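Two complexes are shown next, each including chain A; its partner changes from chain B in the first to chain C in the second.
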Partner chain A sequence: MFLHNLKYELISTIRFKDRLFWIILFPIILGAFFKAAFSGIYDNVETFSAMPVAVVGAENDQVLHSMLDSIENSDEPLLKVTYSDEDEALDALVREDILGIIYAGDKLSLTVGGSSIETTVLSSFVEQYNANAAIITQCAKNDPSSIPAVTQTLSEKLDTCREIPVTDGNTDYFTQYFYNLIAMVALYGSFCGIHITINSQANLSPLGARKCCSPTHKSVSMLAALVGNWLIQSLCMIISVTYVVFVLRVDMKEHLPLVYLAAILGGITGVSMGFFIGSLNRVKLPLKNAISMTSSMVLCFLSGLMIGDIKATINEKAPWFNKINPAAVISDSFYCLSIYDNYDKYIVKLATMVIISAIFVILGFAVSRRKKYASL
Partner chain B sequence: MENTVVKIENLVKRYGELIALDHLSLEIKEGEIFGLLGPNGSGKTTTINCLLSLLAYDKGSIEIFGEKMSPVNYNVKQNIGIIMQNVAVFDELTVQENIDYFCGLYIHSKADRKQYVDEAIKFVGLEDFRKFYPKKLSGGLLRRLNIACGIAHKPKLIILDEPTVAVDPQSRNKILEGIQELNRQGTTVIYTTHYMEEVEQICTRIAIMDKGRKIAEGTKDELKRMIRNTETISIELLDLSDRVKDKFAALPHVCSCDYDGTKLIIGFSGGKHNLMRVTELLREEELHSGRIYSERPTLNDVFLEITGKALRDKED
Partner chain C sequence: MQVFKVFMKVLKSRMSAAFLYILIFMIIAIPQAKSSTTEKKFERVPLKIAVFDEDNTPESRKLTEFIAKDNKLISMSNDREELIDALYWMRLDYALIINKGYSENLLSDGTNELFGSYHVHDSYSVSYMSTALDQYVSSVRAYSQSGEDLDSAIAHTEDALSQDTEVHVAEAGKNGVNGQSSTFRAYFNYFSYIIISVIIYTVCPIILTMTRKDIRYRTNCSSIHPNAYTIQLFAGSTVLVLGVWLILIVAGIFATGGFYSGKQWLAVLNSFIYTLVSTSIALLITSFDPSENILNLTAQILGLGMSFLCGVFVPLSMLSDSVASVSKFLPAYWYIRCNSMICGNEIYDSGRLASFMLIQMLFAVVCSVLTMLIRRIKFGTSSEVAA
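Moving on, here comes the complex of A and B:
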């Protein structure tokens, strides 16, 4: 009897195209938009790192030449250098082919075409060069033997703050949005969950009434429907993660089986949440759908789907909420896999999802256990 | 003696101040097609829902097949087929899959189920629509699918709650013939409707309901004998003097005589040759009439006489 119910639950759910749009196609479309938007940001960073400049009067300055060559040929070039005379350089500046003109001489000087972050960086570069040149000149006058040591020191980047990574994990800010996107797919499983109780309760649908008249135990048919929707939602989660990792090329490959596991548990949490919402008596189906949609979106918003920093803000103001918000728990599970070298926090997140799902399912069954209704 | 299949005693169901069922008692025997007739809101569907243990009631008792009915009496449920007023099928399953699903809730053996499903499809005439989805079916075919889902497991008792609402005449006839065929095969049927013609056509016994109460019960002939008027003769006449009208009123068994300027309507209470007497009087008085027709009383007349209102007053 369980298998009979399960078989037809799977068939009917797979054929329910409206539902599949929301749990598969919509996230895929949204993910593509995310990727397009973030790719633009990455491209801007790339442009910023190679600023076109013209250098005038550096024909005989071998030191400047070699220094500029090393900058230009580095892995992340700061400058794209063109050596020219002053007239050509000015023309190029007017045409906005270059951002500035560096004039060689005892001291470097700079002419820029406008004010921007890039010209500020250029200005800093020129000032730094002049300061270093002055130090070396002073050393040559006072103690020529110290020049190699001074040059060595100056060639090293001096920072007051040193970045010490605690792990080898991926801390890319934008990846968080894709974690939240997968969390959203998981919570959209609540649409499927709602229909389990709708189709099982005599007071909610003719189908429910017909099932209640049959000799099949209500708990058996509901459990079969729940398992069926868990399976379908798990499939949707696998598709979503595969799409995010292999099509959008978001860096989540390192612990892929565990990513799939977390996503599947997240999907089960979403379906269970819908199962509970659907079991609420005295609430009409359109309102239940609205509750499901709104709660999914709000929980995802609060976990950082739309504004990345909001989760950190909530962590400061109400840290307990992030611990029970299903969307935050799901996205955090991916974050834990990505950041931490051990699985302790990841396991805590999985356990949280299991507990949240269990609470929703138990409450759903408790509310739906009713055999007779006051009105139909 | 026939076995009692359904026994309802003193059933009371309240919705707040409204009394939906007012001390309703019914007894339905094996092999009957029992009609529950009444206008919308009379309590027919509430009775069915209480019978099926879907709806809680305030007072009374319900027994089916001699056992107290409850939501967990699965032995009783095994032998009941239900066809709801609203079509209850899965839009995502084909005709055959829908019937197989609902049949599978009762019949565990796959082999038996396949045979039952095939028979149900044949019975409702959906052989050519096995692979169709419900959305592709017309209203009449959809109703037939709804019926097939309720009867495929060959129940001993079938409850049909207004199965012909919004159905074309052809499908309606097919449905009614199907119900009679099921009954001939030994199934007891409870049929609720507000269409008196359907009840008259198929039901062996009828209970008329109004405002949650049973106001009459019996075979259609027994019900019709409850009222004074047993025959109505209508004559199209363009000119009728008071003298002649009084002669018609004085005929044996006449209980009412009305003339509206174009039609004379005479009500009879009993009597076997009323039409012959009327035509003889027309000839004697040399009156030239249009159409003359005699009508037996309908269940609507029964309802009208008992409640003072027509059955279809509240119809959609």
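Moving on, here comes the complex of A and C:
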């Protein structure tokens, strides 16, 4: 009887084309938007590049000119310098064409658009220039004959720091938006989950009324519906991941079978969540849909779908939440695969998904049990 | 007013869902707007640095104290996975190892590899710290060459590198630019995401219920004139849309920290125009009679898609030129451009501002014309078009 129910659940779910179409189409369209928005953005934003600055009043300052020239002509230039007058420079600063304006003088001063890490680096550069001038003056007082050696030392290029690589994985910060997109598709499986209960309860749908009249035990028919929806959602997840990896070419190929596994478990978590929402008593269908939609969205928002660093903020303030937020757990499973060289944390994430799904399913069955036709 | 009353009745039955959507979108937007700071004076952004002192000498401890002056020292274990997590999620900007033998090699010529560093992103913080460490070492050496002992060289280096440098923040009001706080800008930028999503989620299901085939046929054979029906439906939608807009504008007063004044009213006007555009888009969607699932899909794709492509979640300056060119075909782009101008991120020009608002209005007109056209094609007769 279970297999019979499962067969017809699969057929009826597949025939519910617009729901499937929606779950499949959603990552395709939104993923394409993400790809368009984020292509090359990591190189523009996170990786270091020469900072555009304007220099004002440096016409007669040969020392500053030659120093800036040497910085611009180095292998990894810190600055991209434009010499201009104050009004032009201010306009460029407002348009965000430049990060700051360096004013020449006895001591360099700086005008920036706001506080950021880039402007902090700029201020640090100006401070260092002024500090060097102060050091030379101080050393001249100590021992005037040491000036050539001091100047030589200050202008010498040092390389005091050796960079130690920590991971060979994909460190592109913007890839996490795609992880969260897949997590969102997984949680949208909750819309399928809602319909399991609706199609099983006589007061919610004609199909539910027919099912209630049938001799099949309710738990068997609901379990078959749940498994059927898990299978269909898994198919949707496979299509989504395939699209993200092979069409959008997001760097997730290295552990592809495990990526599929995590996505499928994520989809199962989403359907189970919907199963629980659908089983809530005295809640009308539009509100159930609204709860499903908004909870998926909020969980994905808190996992970083819209603002990438929100997950890190939550990790500082309430790390426990990231451990139980289904969207964060799903996206973290992809992160663990791409960044670590072992599977310990990945396995923990998979286990968390299984536990969350089990809790939703148990709660769903517990809430919807004993609802016979006569008692509704 | 029968149709209007029915509209309100349907709205009442969907009120809880509608409020849930408004609430959730506001929960998403307001904390983000609040997290944007209003900076009038420059403040160094302290880096989050973990220092692993393997040398553990007075000199290395002085260096650690010096780094801690302008930065935030994060205490954590030298565990690789913990470091990767912290660096990737930017809870840590830089992990510095002061190598054993630092104090012995500080003054020698062999200054290479006094330190080791862990980082994930080749970011500005990495460049900043590398330069700062090089500067520290060369300054100590310079003082030492002028005859000072190591302790005195370190003390003077710290003094020299701690000198205050004049750093100003450009005044937004200069050069004809009217500046607004970044909280205000962030809230009104997020407004575009909220309003289009909320309107599609709230207005569309009600219109779809009212124009369902069986109800439409029943209405058509009633004594209500089609024009009266359309006007009442329009009036109901207007009340709902204005209500949503008003809630968000009032919430904006609390979110941005004060009642609107001066050019801020232009942002309010801009938001009203964008609300009209969103309503026309919502009406266009309903003309296709979508199912609830398709409606959800459309709301998500339009809301999130336009937000990512038009500069709501990711600033326009970070997007590539090709993306920015495509974005020009979306109304949110022009809404954000208006906001940028009003908030001082672009040079303010009233003519250009008016033209950008006009472009948004054109989107509303085009969507309205398309809606009428589609309804005429789908339903044929004028009486059904009205429905």
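List of remarks:
Here, the second predicted complex is superposed on the first by the 247 of 376 C-alpha atoms of A that agree within 3 Å, B and C clash if a C-alpha of one lies under 4 Å from a C-alpha of the other, contacts with A are read in each partner's own complex, and residues count from 1 in each chain.
The criterion applied here is as follows: a contact is a pair of C-beta atoms (placed from the backbone, for glycine too) under 8 Å apart; a residue touches a chain by one contact, two chains touch by 3 or more.
Owing to the predicted nature of the structure, the values given are computational and were not obtained by experimental measurement.
Look at A:D75: by the touch rule set out above, it reaches neither chain B nor chain C. When chain B and chain C are set side by side, the one touching more residues of chain A is C. Once the two complexes are overlaid on the shared chain, A:S12 sits against chain B while remaining clear of chain C. Once the two complexes are laid over each other on the shared chain, residue contacts for A:D106 go to neither chain B nor chain C. By the touch criterion defined above, A:K345 reaches chain C but does not reach chain B.
Against chain A, the residues of chain C that register as touching in their complex are 13-14, 16-17, 20-21, 24, 27-28, 32, 39, 42-45, 47, 80-81, 83-84, 87-91, 93, 96-97, 111-135, 137-139, 141-143, 145-148, 156-157, 160-161, 163, 165-170, 172, 174-175, 177, 182, 201, 205, 291-294, 296-297, 300-301, 304-305, 307-309, 313-314, 317-320, 322-323, 326, 344-347. Every residue of chain A that touches chain B in the complex is listed here, in rising order: 1, 4, 8, 11-13, 15-16, 202, 205-207, 209-217, 221, 371-376.
By the touch criterion stated above, chain A contacts chain C in their complex at residues 18-19, 21-22, 25-26, 29-30, 33-34, 36-41, 44-48, 51, 78, 87, 90-91, 93-96, 101, 107-121, 123-128, 130-132, 134-135, 138-139, 142-143, 146, 149-150, 153-154, 156-164, 166-167, 171, 173, 191, 284, 286-287, 289-291, 293-294, 297-298, 301, 305-307, 309, 311-312, 315-316, 335, 339-340, 345. Residues of chain B touching chain A in their complex: 15, 49, 52-56, 70-72, 74-75, 77-78, 80, 82, 84, 86-90, 92-93, 97, 101-102, 104-106, 108, 149-150.
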